[in-house]
Each structure stands twice: as structure tokens, then as C-alpha cells.
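Pasting a structure below so you can have a look.
Each chain carries a letter (A, B, C and D) given by its place in the written order, and its residues are counted from 1.
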Amino acid sequence: MKKKLRSKPSKEISYTSEIRVRFVETDPLGIVWHGNYIQYFEDGREAFGRHHGISYLDQKDNNFSTPIVKSNTEHKLPLRYGDIATVKTTYVDSPAAKMIFKYKIFNPEGEIVCTGETVQVFVELGGELSLTIPDFFMKWKRKVGLIDA
Amino acid sequence: MKKKLRSKPSKEISYTSEIRVRFVETDPLGIVWHGNYIQYFEDGREAFGRHHGISYLDQKDNNFSTPIVKSNTEHKLPLRYGDIATVKTTYVDSPAAKMIFKYKIFNPEGEIVCTGETVQVFVELGGELSLTIPDFFMKWKRKVGLIDA
Amino acid sequence: MKKKLRSKPSKEISYTSEIRVRFVETDPLGIVWHGNYIQYFEDGREAFGRHHGISYLDQKDNNFSTPIVKSNTEHKLPLRYGDIATVKTTYVDSPAAKMIFKYKIFNPEGEIVCTGETVQVFVELGGELSLTIPDFFMKWKRKVGLIDA
Amino acid sequence: MKKKLRSKPSKEISYTSEIRVRFVETDPLGIVWHGNYIQYFEDGREAFGRHHGISYLDQKDNNFSTPIVKSNTEHKLPLRYGDIATVKTTYVDSPAAKMIFKYKIFNPEGEIVCTGETVQVFVELGGELSLTIPDFFMKWKRKVGLIDA
């Protein structure tokens, strides 16, 4: 008798936060300069971290840093000065020693203006890349239900 | 007699420029904040433009803007305050109405610290996306030998 | 009978808003880079404008820009990543064709970390400096009670 | 017979460097956002330091940081994208435990666009403000002829 194999879908958790476009973030064309979206992703990721209880400072307390090793952005529509945009930040679980986040930024009309992804790794205080998921991060995964307790 | 058809490899032209890492560009970990590499790519692209005679201002004079619709970065090593890095910016020719640039950033030791790519489109003054390559850009392609005169 | 002359004190209106210190705003010493306080002043000024009904966009609609011609800052204490600071922005009324704002930034403990001032002038669309206070701004002064209606 | 006392004029040394205005540094009005001049001052100060042999890294090696405690700017003319401006940075000697720098920024036509000043103090590694001029800085003063050897 054949047992059906099903790949479990990768689990995700999200958080949606707001950003207000600053004057200084817009360029002579009157729209947000593309490089600022990387900052908006970070704003979203930090709001996610505050909500779901994992932050840069937790990482630091555990003697890890989590540098970004990859990022990509796709720009579909512009944002303008004064716009209040929403950033949906999604953590995409992975069995690897990585943190993967996806981002969707919406304008006040609810249209997608930008999507993107970042990949972070775990680096020990001495500068060594961690090949396994650090304990503090496994604990967090359990706490938020990404893995069984 | 059969004439052999060969797909011509996509032509490329490059330019290498220098950047000096500013204090403000580094973060509490003492390394360049990842979002600043998007700025370094722009620095490289503008140095390329000055050298090869195509610039934001040419585009503007021709009533086009060239917004970035896609970008990606890969981070391999950090840069630190005071480092003089080199940015190799390569224009990758395409038959589409697009500008594709690739970037390689090297540290003072000549190691690759970051690679990336940006894709730009041509937008007319009124906001309309151009589906064909604008005249001023075809002229530039001819001038630099990317297409036959 | 002599009527006592008293110089009326210059009238002021204030607004207090919050900022959260971003990772990117801190430097290798782990504290906010001094130049970012100019941005925090602008954040405070814009929050003031939203609250009291005067904004960059009102100015633009009235064909004026209001460039900053002077600014100063005094730094007393550092701010760190994640700090939620409050910015008290005070408009100091003046009979001249100027906008003067004063700023006080407080850390989470309520201590003053930075004070400063900016002076803006009114410039007409054509680039001409306005020597008199524009109508739209007089209206605003009346609306908020800085001058009698 | 009385000997006339004359206060010696404060000694100064200068250095002039160049900056190229980046696209990202300009705002929707097409001119450099005022807060970026603080960065241009820092660019000038660092170029001064490289030329005259005193830098942030020397300070760090000597276990001092030199935070800016005061700054002011006056804006007279705008700078635009692509402008190559020159920054004249002048160290104004003082008997106090301070570093005072003055700045003049000129546009390509040689007109003054911005002037300013920054004041820095010496802070020891532990966070203590130094009330006397640190040895490494006295050595530097002697080396560049600000005080007699």
C-alpha cells in the first residue's frame, strides 16, 4: 500500500505596520527614492519583531548578529510625500540557519507599490557564520508555533 | 550552402569608479548598513553615465525618466568606515525597452563584497511607460558601439 | 493719566510628537548620528503642521516654498537604537516674513537630549523672496489665534 | 615700564575639498535638502583630517570619541543635482578642551551657498567628558604648528 507523501507547506507568520513617507525620502521627481524601500522593509521587519517578540537586541543579547546577505525589490507604483503606506512583513520559515522575510508595501488606496525579500544569516560574536539555528531562535520558533514545542 | 546562425552574446560595457565609506554609512556593528549598497550602485551607475555620456539629465532633457523597477543585492563581506571600495558597473545590453546594470563592489584587498543588478524602464513625461526604446537611447547605443550605426 | 506700555510677549504654539530611533540612524558608537536630529526636527515640524493645519503642501498649493535659511542644534545626551523620544516643536511668532520653530527632544526618561531652532523664509514660485507675510500664512495665524481676527 | 599685553589672534588651519551632489540628496524642489549640509560638513571635516593627519580613527585608537555638541548652518543659495561644490573646512584653535570647525561651501560659480560651525568635545572611553585637552590632540596641535613645540 502506498503512503502518500505530502510536502508540508512552509509556515508563515505576518505583521502589518504603517509608515508615513517623509519629505526627505522623496526625490526631484516627487516620489520615494527607490533605495528607501530597503529602509521601509527594515521598518516592517522591526515592527514584526516588536509584535512577535524577536528583535535585533535579543540577537545581540545572545551574542549573534543577523546580517542581510540577500535582498531584492520590485517596484510597481510610486509613493509620494505624506502618503501613509502599509508594510506587510511575512516571516517564511525554513529548516536552514536563515531568516527569510517577504514584504508587500501598499499605498493608501490598497494597491501594491513594492514587493521584496531579505535573507539573513546568524553570525556569532567572533564573526563565525552559524551553520545551525541558534538556541534562542529555536525557542522563538517554538513560542510562536512555527515548530512543535 | 548553409549559413550558420549564431546568437550574438549580449554586449556589455563597464566602468569602474571609487567610493569612500562615510562614517554615517556604518551602523552600530561598525559595518556599512546593507541599504547603503543601493546608493553605492547608484554612485557607480552615475559614474558610468558621466564616463559613457548618458545621464539622468540627458533623460530629463528628452522628457523621460528611468525609474528602477527591480533591484537585487548579494552581500558577501562587510565594508568599514574609511574603506575605499571600487564599484564595477556594467551595462548589459537588451533588445527590450529597458536598462539593465550589474554591479560588483570590491574592498581595498580586491575581494568582492557585494554584487547586484538593477532594471530600469523608460517613462514618458506624462507617466506613460514606453514600450519601445526611445530615440535618444538608441542614439547612445550606436555611439558607444552596442548596435551598428 | 499715563497708560502703561507693555511689550507683548511673543506668542507661541506647540505640539509634541514621538519618534522611534531607527537602527540606520545610529552610528558605530551605538548612538544617533548628530545629523539625524535635523530630520527629527523636520519630523516634529511636520507633526506640528498636521496638528495645527499648516503644511508643506498648503504652502505648495499657495505657490510658495519655505526653505530653511538657518538652523542650530545643541546636543546634551545621546539617543540609542529603539529609544522612543518625544519632540516638542514650538512655533515662535514673529512680525517678520519668517517662520521660526524651536525644538526640544526628550529621551524616554524625560531628559532633554537635544535643542534647536530653524528659520524659514517664504519664496514665491518664481524664486523671489517674499518680504511680506503671504496671505495664506496670515490666515493661518488668525485661525490659530496668533493674531486677532 | 608696562609691557603691553596683546591677545594673540586665534590660529586657524584650513583644507578645501570637493563634493558632488548626489540625486538622493536632492528633494522634490530639485535642490539639496537642508539636512544634508551637516553631512557635507562632515565630509569636509574628514577630508581636513586626512590631509592634516587627525582622524576619527586616531581618536578611537586613543580611546576618545569626539561627539558634536553644537552645530549651526546658514543657507544662502541652493545646490542642485550634479553640482560639484567645494567645502572649505577651517579648524579654529581654542585653549579649551574642544574642537571648533567652521565651514564654507561654494557652488561651481564660486558663490557661498552655506556656512556653518560645529563644536566637538573629548569624551573618554568610559563616557567621561575630558576637561583637559588629551595628549594625542596636544601632539597634533604641535605637529601642525598651532602651538609651539
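Keep in mind that, in the parts below, a contact is a pair of C-beta atoms (placed from the backbone, for glycine too) under 8 Å apart; a residue touches a chain by one contact, two chains touch by 3 or more.
These figures come from a predicted structure and were not determined experimentally.
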(Q) Give me the C-alpha superposition rotation for chain B onto chain C, in degrees, nearest 5. (A) 180
Q) Of all chains present, which has the mean Cα position farthest from that of chain A? A) D
Q) Taking each chain's centre as the mean position of its Cα atoms, how many Å separate chain A from chain D? A) 39
Q.
So the centre of each chain is just the mean of its C-alpha atoms; given that, what is the distance between chain C and chain D in Å?
A. 26
**Q.** Euclidean distance of C-alpha centroids - chain A vs chain C, Å
**A.** 34
Q: Could you list the positions in chain A whose residues touch two or more of the other chains?
A: 23-24, 29, 35, 39, 42, 81
Q) For the complex, which residues does chain A have touching chain C? A) 22-24, 39, 42-43, 46, 55-57, 81-82
**Q.** Touch list for chain D against partner chain A, complex
**A.** 23-24, 26-30, 33, 35, 81
Q. Where on chain C is chain D touching in the complex?
A. 29, 31, 34-35, 38-39, 42, 65, 67-76, 78
